[in-house]
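The first chain written gets the first letter, and so on, giving A, B, C and D; residue counts start at 1 in each chain.
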């Protein structure tokens, strides 16, 4: 029999409204990094605690990846958002402090990068609250944004994000511009800054023995990301790069990222912004034009 | 021991007859889309009902993919066939109505995109009839064509398609031109419009954590699809594009599709047609030249 | 503990002797096809008997692939070897007869393409003998060569091949030129014509839902096969193309194969030969120069 | 619940110190080979002992791969490091002797290439000691370096390496230059020469039926390895090629490696060295400048 699945639209929110970008800008480019460090490897298999080599994947971030990325962002005067699990905050504190000192945004990315299980809400809450607590206690900051680990979620994720008072989250795959979640009771939820796999470096450049994905050349990744930029620039939409220091921080990959950002910077009308800046701008626009935009979404 | 497998030719029908295309045309190009929306994600794992992010893959279609594709098809004055599960019809009705209003063909693609299990005929029938019922009740139309979800089938699929009175189906992988099924009792069955993986965007551009396929650049997909067009144009056969708005509707992919269709439109003698138009033309030819063609198939 | 694995060289034979090719030739090119038809799909899962679409993968061979390949080989005056399971001989007899009539070699490729299981020798023997019987009864020929399905084997495979009186087999992956097997008791076994994955079209162009391999462009496959040809031509070794009509017989792939063979034919000193011709030539050389060559292998 | 994972940095050592390379050199290039032969196939599945074809993957090394690589290294006057399992030493002794005679370094790579299981320390010790014993007894040498099979490890691996008196090991993925392990009790451990998947030929060119990885063209691998060289040359870091004779020793691959090494040799300031030479140089620098460098690591 066909299982009794209740007709259920995935997303209660309207499509993204057609807000213009800041004066003179035609698209937004968000450089964002998930600073997972060893956490995904630790949570993937408890025995990995004892697998030094496996952990050393993630260990690359604090030793080499993050310093090299910081150096590069400084040289091209770009600010980025770094989604950081609580475990990273606690175990690589100096690395996190160096990000803050350089003026970047730190946001919430779970505690141990544990995938959300729809049937285990207590753990979802635990990951959320231990992550917040780690940011507050260790770094003295309350993150304004949240991205769940590995694009996982439950029925209550958005409610939880709203309840903890986040300005924005980056959860959904179903739009090309920011939009506001609608909670189950109809109240407005957090702003969502959507992303998509094509601009996620783990989809084109993460591999291990347990995940024998093919290794793309840096030129192939460059081509993919330029194609996507050209089209998003044409649409006037959001170019949300989702990167990982342990992946993009390798020599050949970082050289490619440098070329990509040069290519993008060579275009007029590009607004480089952190997630928080994009969310704040969007809310300002919503306040000014919200009622009209909600009805007139042209797509 | 070798299992006792009854010698059984897969297909009782003769190879496709060598019918000419309409006057002045040397090959047919069918732009077809499977409008699956959230349905394959819902049926893949019952827990996905609660996985908002996973469902948002499919949610992209109604919010962004379908409107963008419609806009593009309108701009180049092309009609297409949209194979649509009953669940999509019920839950994204406005999106389906916009397709009909623009003059495109809607066809049957199951109810919840449930893969056909050869051992569970009642569910196969249920998916078939609930799909028909949804199209009739919600959109007031009886689909003329049928494509099973994910290239699945049972021993009785063709009989069921014939019994429900479809003009054509798109089931088989074993020919390059339309041909008529032969039922088990020897009677003629529906016309089949075959397809092949190379022109299916899900084979080159669908990825998720549970399906970590490599991500091709749009240029690589363009190259593959142009190579295939050149050869099919040379053979005088059928170029059947099998696309999904949640895959091909992304910015970079849609820009590539635009380039591809421009390339094809630059050739003389190409007949752009919907599946229904191809099936109707084939049947007209069959009536006029059938007896001769059946004997003289030159391949 | 480390399992007690007896030190055991994989292959008792010496490396391939350095026999020269026929006068004026510097390398051999063998176009070979495995005419599996529906057999691998049937044996993969007993339920596939009822999966019409799955079977139609293989059904493409008799309907389209083989006729198109025959037409092409005729146009460039090339003879090839077709390794054919007994099931194909019985169920696509006309297709096999068309190969013989065009002067190509037919060789043994199992009965139902069942993978050899080292723990089930009776089935291995059954597949071997039913395959021989089908060729003899249906086509009136005794195949001179044997290739096991899917590069599978048991400890007794070579002994079985020798016992059934084959001239040659194509089993091993460990050399770049023909060489003679040594049986366990030290007697000479059949000649082996080795192959390698890089020149097997199934490794670059076979995909299905249960095997979601990435789809290479035809240009990528062309590049790979030209690179390999250039190097093998330089070494003076054997270029053994291992193709399948259901894969290489698709429009874009066949256009690529045509270009590849043109490229190769553009080189002087290439000996195009069937497996049987290569084996016969090798044996003639062995008789004339064997003793010397065996000692003086220069690699 | 979130499992109770003790906060545990993966690596107790400081990031690699910024030691300069030998006078006039700006980066190091290490050509290294893992001479696995049949051992990984034997250990992967006990039934493979009887699978002649599967074993013949590895059999290619002694028959063709190693001789061809030796010939090439000699022609360009390069010395390399060959990590060799004890099983290979025992079963392909002549092949190993030919490596030593040509002046290359042989190092330890386990006994049967058995993956280290964190829960089975006795087998890890057994693999280590039987590997050492095989090198000593058969070849009369004590290996100075160790690389674990397939990047596996346990909590005690580094301690074991230190205890057996190795000069260096190649274990970690978390740095781009050599550095010294710190043992659990704070004492200095062996020097580590890190590596990374991008320069491992098995990640781009190993495939079998049980591992249906896509087959890259040699040009794609060349591009990837040149991109990586350019960036590592720019960083002044370590270019550690991790190759396998059964993979890179195939005709097309070897032609590509030749082109790659020519490209690299065309750069000034490249220090080609074996692992042992790199470790010895590093230790000399450490002695001279260690205290200062440890504090002033600039990354």
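Throughout what follows, contacts are C-beta pairs under 8 Å (C-beta built on N, C-alpha and C of every residue); 3 or more make two chains touch, one makes a residue touch a chain.
None of the values given here were measured: they were computed from a predicted structure.
Chemist: Mind checking subunit B against subunit C and telling me if their interface is mostly the same residue numbers on each side, over half, or mostly different?
Modeler: Interface between subunit B and subunit C is built from largely different residues.
Chemist: Given that subunit A is a copy of subunit D, what angle of rotation, in degrees and a multiple of 5, matches their CA positions?
Modeler: 90
Chemist: Subunit A to subunit B: how many Å between their CA centres?
Modeler: About 35 Å separates the centre of subunit A from that of subunit B.
Chemist: Which whole number of Å gives the spacing of the CA centres of subunit A and subunit C?
Modeler: Each chain's C-alpha centroid was found; their separation is 50 Å.
Chemist: Going by the touch rule set out above, which residues of subunit D reach two or more other chains?
Modeler: In subunit D, 214 touch at least two other chains.
Chemist: Classify the chain contact graph as line, ring, star, complete or other.
Modeler: Chain contacts: single closed ring, each chain with exactly two partners.
Chemist: All pairs of touching chains?
Modeler: Here the touching chain pairs work out to A-B, A-D, B-C, C-D.
Chemist: Provide the residue numbers of subunit B that touch subunit A in the complex, in ascending order.
Modeler: It comes out as residues 38, 42-43, 46-47, 49-60, 63-64, 67-68, 87, 90-91, 111-112, 114, 122-123, 126-127, 130, 207-209, 212, 214-215, 217-220, 250-252, 254-256.
Chemist: Touching residues of subunit B toward subunit C in the complex: what are they?
Modeler: Going through subunit B, the ones touching subunit C are 1-3, 5-11, 15-16, 118-119, 148, 150-155, 157-158, 171-176, 196-198, 203-204, 211, 213-214, 216, 220, 223-224, 227-228, 230-232, 234-235, 237, 299.
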